[in-house]
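The two complexes that follow have chain A in common; it is paired with chain B in the first and with chain C in the second.
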Partner chain A sequence: MEAIVNQLPIGLSIGAVLLLIALGLTFTFGQMGVINMAHGEFIMAGAYTAYLLQDWAGRQAVIVALPVAFGVAGLMGLVLERAAIRHFYGRPLDTLLLTWGVSLVLQQAARDLFGAPNVQVQAPSWLQGGIGILPYNRLFIMALAIGSVVAVWAYMSRTSQGRRMRAVMQNRQLAAVMGINTGRVDQRTFFIGSGLAGIAGVALTLIGPVGPALGTYYIVDAFLVVVAGGLGQLRGAVIAAVALGLLNSYAEFWTNASLAKVIVFVAIIAFLQVRPQGLFVLRSRALT
Partner chain B sequence: MTATVRGERDTVGLAPPGPGRPWHARLLGPAAFTAIAVLALVVAPLALEPFRLGLLAKYLCYAIVALGIGLAWGQGGMLTLGQGVFFGLGGYAMGMYLKLHDAGGHLPDFMVWSGVEKLPPLWVPFGNPVFAIAFAVAGPVLLALLLGTLVFRQRVRGAYFAILTQALAAATVILLVGQQGLTGGTNGLTNFFDLFGQDLAADETQRGLYLVVAAVLGLLYLVARQLVRSRFGRLLVAIRDGEDRVRFLGYDPATVKTVTFAVSAGMAGLAGALFVPVVGIISPALLGVVPSLELVVAVAVGGRFSLAGAVLGAVVMGYAKTSFSEQFADGWLYLQGALFILVMTLAPKGLLGLAARARDLLPSRRRA
Partner chain C sequence: MLSVRSLEAGYGRARVLFGVSFDVEPGRLVCVMGRNGVGKTTLLNTVMGVLPATAGTVTFEGRDVTRLRPHERVRLGLGYVPQGHETFPQLSVMGNLLVTLEASPHKDPGALDEALEVFPRLKPLLKRRAGFLSGGQQQQLAMARALVTRPKLLILDEPTEGIQPSIVQEIEEAIERLHASGLAVLLVEQYLDLALRLADRFFILDAGHVVRAGGAEELRGEEVHRLLAV
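Up next is the complex of A and B:
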């Protein structure tokens, strides 16, 4: 019983990290149908932003880094979208291979710039300690995830930009006919989606070291969250991320780390038998 | 926009059957195949030194996997990012047999090091070479049939399928690394000495293995080509280009896709089984997310819409990787990354697509 309780904050914070990453994917994969394998490297870029900011922000680097990492990763995403991805709309599987090439280059670039060994980011002193079994750093990540979800929800459902974004997602041609500049919407979507990856990267510095391959550990799980939650569905992503985070940490605890991933995989396949398109589905008459 | 892409694809991968084309065009394919077969089976073993021949054998093993990817992805539109898993299943089956054979009734060396006292029951049947080789093919086929049935029946496809296969590859690696006493962990299975009474280190054995690999590749190529040209193959291409439309016509896309996926998995398994005696090792690093993706990219580089392109891509990329990492190890990642970006943006049909475009630019008799 005690073990179940002890494992809870770990599972929830893994879920929160997955949620932060999957939120970004909800934009790029869910809204635009782009499988961005370089998303993991945007996470890595966010984490290294926090590392670099330590030089002048000291131990508050993590806080300062949040907006900066959003901008840095967002700009990287914007450049990627403008330079390459926009030529690939309608060919999602090709973007996967293209962006994997980008991710290889970015990883090697990080290795050349920052060195192959992992680096540490010092957490602010007020994030050390905790209430009972809840460490402050994990609480902070959960709060960050909740804050991001609320911000994304508000943006998507309460602003005109968000409305345009949803319109383009539901029917690109029709949205264009209505006078929406779909190219500009795509840029914005990619900027925000990639920026969220940067924020996830900053959050990751609180629970582990930073290395060039940081993104690769989380990217597969984050894509699974989007698959299980339903394409472009905020609610689905939240539920799936928390469920996957908890399943991961409990499966690891009860069996061992090597079986946990297999259990998660089997669980996802089983889940897709019941809900092949994820938790929530956007109904559409479009044929594929 | 999608419509133009589809229109472009309509002709690819569907070479019109014999009649209707001039005789020299009809003979071109078989002639090229014979020439390459002679080159691979007669010239290469005589001309190449043993080390280079071994490398070529390794590329040809990858080419067998690539052939399967070309079938599943190029023809069937199923982007499978987990072929490494099937390759690994075949490889481990063969590796387990070789380990048991070398140990000659004792425990394999790595088990002794990890403190295993009794041979795990899972290992027992692999002492039999027939079982091991049969499993190398049947294991991947069954796994693919199971996965395909579960996934395709539910109409999970496209990017979802790609992500699921990638997750399978990631999970498999973690599983293999974790079960140290059963699988040799990160090191995998290595240090093999003897195959059916032949010394594996001998040049003669390696040359024989090369010939076997080349022959298997040639045979599987012919089988795959026949499959693509059959009614089944046309259905497969039709499903790639419009799955729902095929369903409306009364066909069952799930079965066609599952069978194709299983065939490609079987090819990967067989390639894995051949790879182990040729290269002398099978380890998690050879079958994870990255190697699986590398093979898909090799297929893209060669030209995914043609089986020959898939084979060509695997050999070219294998060769490029060896020669570039020999000279500058770190540069390879930059080069590989840049290559994908260039191929995907400029030549989505790969090297063969470029060749076809070059041929179209030349003045031809047909047009004259």
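Up next is the complex of A and C:
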């Protein structure tokens, strides 16, 4: 019983990390329909940002890295969108191959820059310890995920930029003939979505080592979260991320890492058989 | 004010427009007529920049806009109401109007009231999601949304198609009022009687060519009926 309870914060924090990654994907994948395989490498870039900032910020690097990693990963996303992805809109298969290639290049670049072995980021001393079974570092990740969800929700529903973004997602051609610069909205969407991956990367440094392949461990699960939650649906992503995180960590606890992955995939496949559209869907007269 | 010369456009290798030329003078209401599939919507989409012109020019107020992107044309004063009463379905009625206002060059909130004066039926619906409105209400929203940008030329693609008769009347009156207030209008319309009531000038498209053009009095004739009959 105690072991089951102990596993809870682990599952929840994995869910929180998945949520942070999936939040970024709800922008680029859920709303723009771009399957960006390099999203995982933006996570890795965020994590290495925290690693590099240690020289300057010491043990507070993780905190300093949050905005910096958002900017770094965001800019990488922006450059990728401008330089390559925008030429492939409406061609998902080509985009997939293209971004996969970019992903491999970025991983190799990280190996050349930082070496193949994993590196460690020191957590701030005030994040060590915990209340009862809840370690502070995992609580911090959950708070970060909740904060990011609220920020994204507020941005989408309360700001003029968010409104413009939703307009473009709902009807791109109409948005263009209503005077909206859709190209600029795409850039902004990509910047924010990729930046959120950077923040997820910083969060990951709190619970494990940083390596060139860091992103690849999480990217598939994050795509599953977006699909299971319903494309572009914030609520769905939250529920699916927490569920997947818990399922992952308990399955791993009772069996082993490889079998856990099998269990998760089977569960997702079964779920999508019943609800292929995901947990939530956009519904209205105009879309039916 | 709008001058289209030898315009050609199409989809992939299928050409739809073969050298279309026409003008809209300031304050005039020009009606584009023709059967289904002759290229009316393609023409409007090319004028707006949704489709690229493969040949020919579009000039607006003396400026060549043929290569401009749609949002740049909206900034210059072209207001477009596409076919099929399209909205941003998940945004509220107010959200639909606001998102257009915020993208417009003037950004003057007074434009919202002006647009709602033309379509007062929308006032009690401002908080409703646009996707849940009736077709007629969506069409009025689509027109109000175009007005929010304070266009110099309003381009309407079959504004009364598939709309309940009670609202067709209101839409027709709104077009008449806007025209009377001095707004230039380019209107695509299938129904001859509506065109006769509203238009100063007309031209008829057939298979991507302008086959007739002139004033309203010339719309009455056997040949015109033949060109429009299904």
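In this text, the second predicted complex is superposed on the first by the 282 of 288 C-alpha atoms of A that agree within 3 Å, B and C clash if a C-alpha of one lies under 4 Å from a C-alpha of the other, contacts with A are read in each partner's own complex, and residues count from 1 in each chain.
Convention: a residue touches a chain if its C-beta (ideal position, glycine included) is under 8 Å from a C-beta of that chain, and two chains touch if they have at least 3 such contacts.
The model shown is predicted, which means the values in this text are computed figures rather than measured ones.
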Partner chain(s) touched by A:Ala176 [first = chain B, second = chain C, both, neither]: second
Chain B versus chain C as contact partner of A:Phe29, first or second or both or neither: first
Chain A: partner with more touched residues, chain B or chain C: B
Partner chain in contact with A:Leu104 - chain B first, chain C second, else both or neither: first
Chain B versus chain C as contact partner of A:Ile4, first or second or both or neither: neither
Partner chain in contact with A:Ala143 - chain B first, chain C second, else both or neither: neither
Where chain A meets both chain C and chain B, residue numbers: 287
Touching residues on chain A, where the partner in the complex is chain B: 29, 33, 35, 84, 87-94, 96-98, 100-105, 107-108, 111-112, 216, 220-221, 223-224, 227, 256-259, 261-262, 264-265, 268-269, 272-273, 276-277, 287-288
Of chain B, residues touching chain A in the complex: 1-2, 5, 79, 147, 150-151, 154-160, 162-164, 166-168, 170-172, 174-179, 242-245, 289, 293, 296-297, 300, 330, 333-334, 336-341, 344-345, 348
Touching residues (chain side chain A, partner chain C) in the complex: 160, 163-164, 166-167, 170-171, 173-183, 282, 284-287
Residue ranges of chain C touching chain A (in the complex, touch as defined): 48, 50, 69-71, 74-75, 80, 82, 86-91, 95-96, 98-100, 102-104, 129-133, 138, 145-146, 149
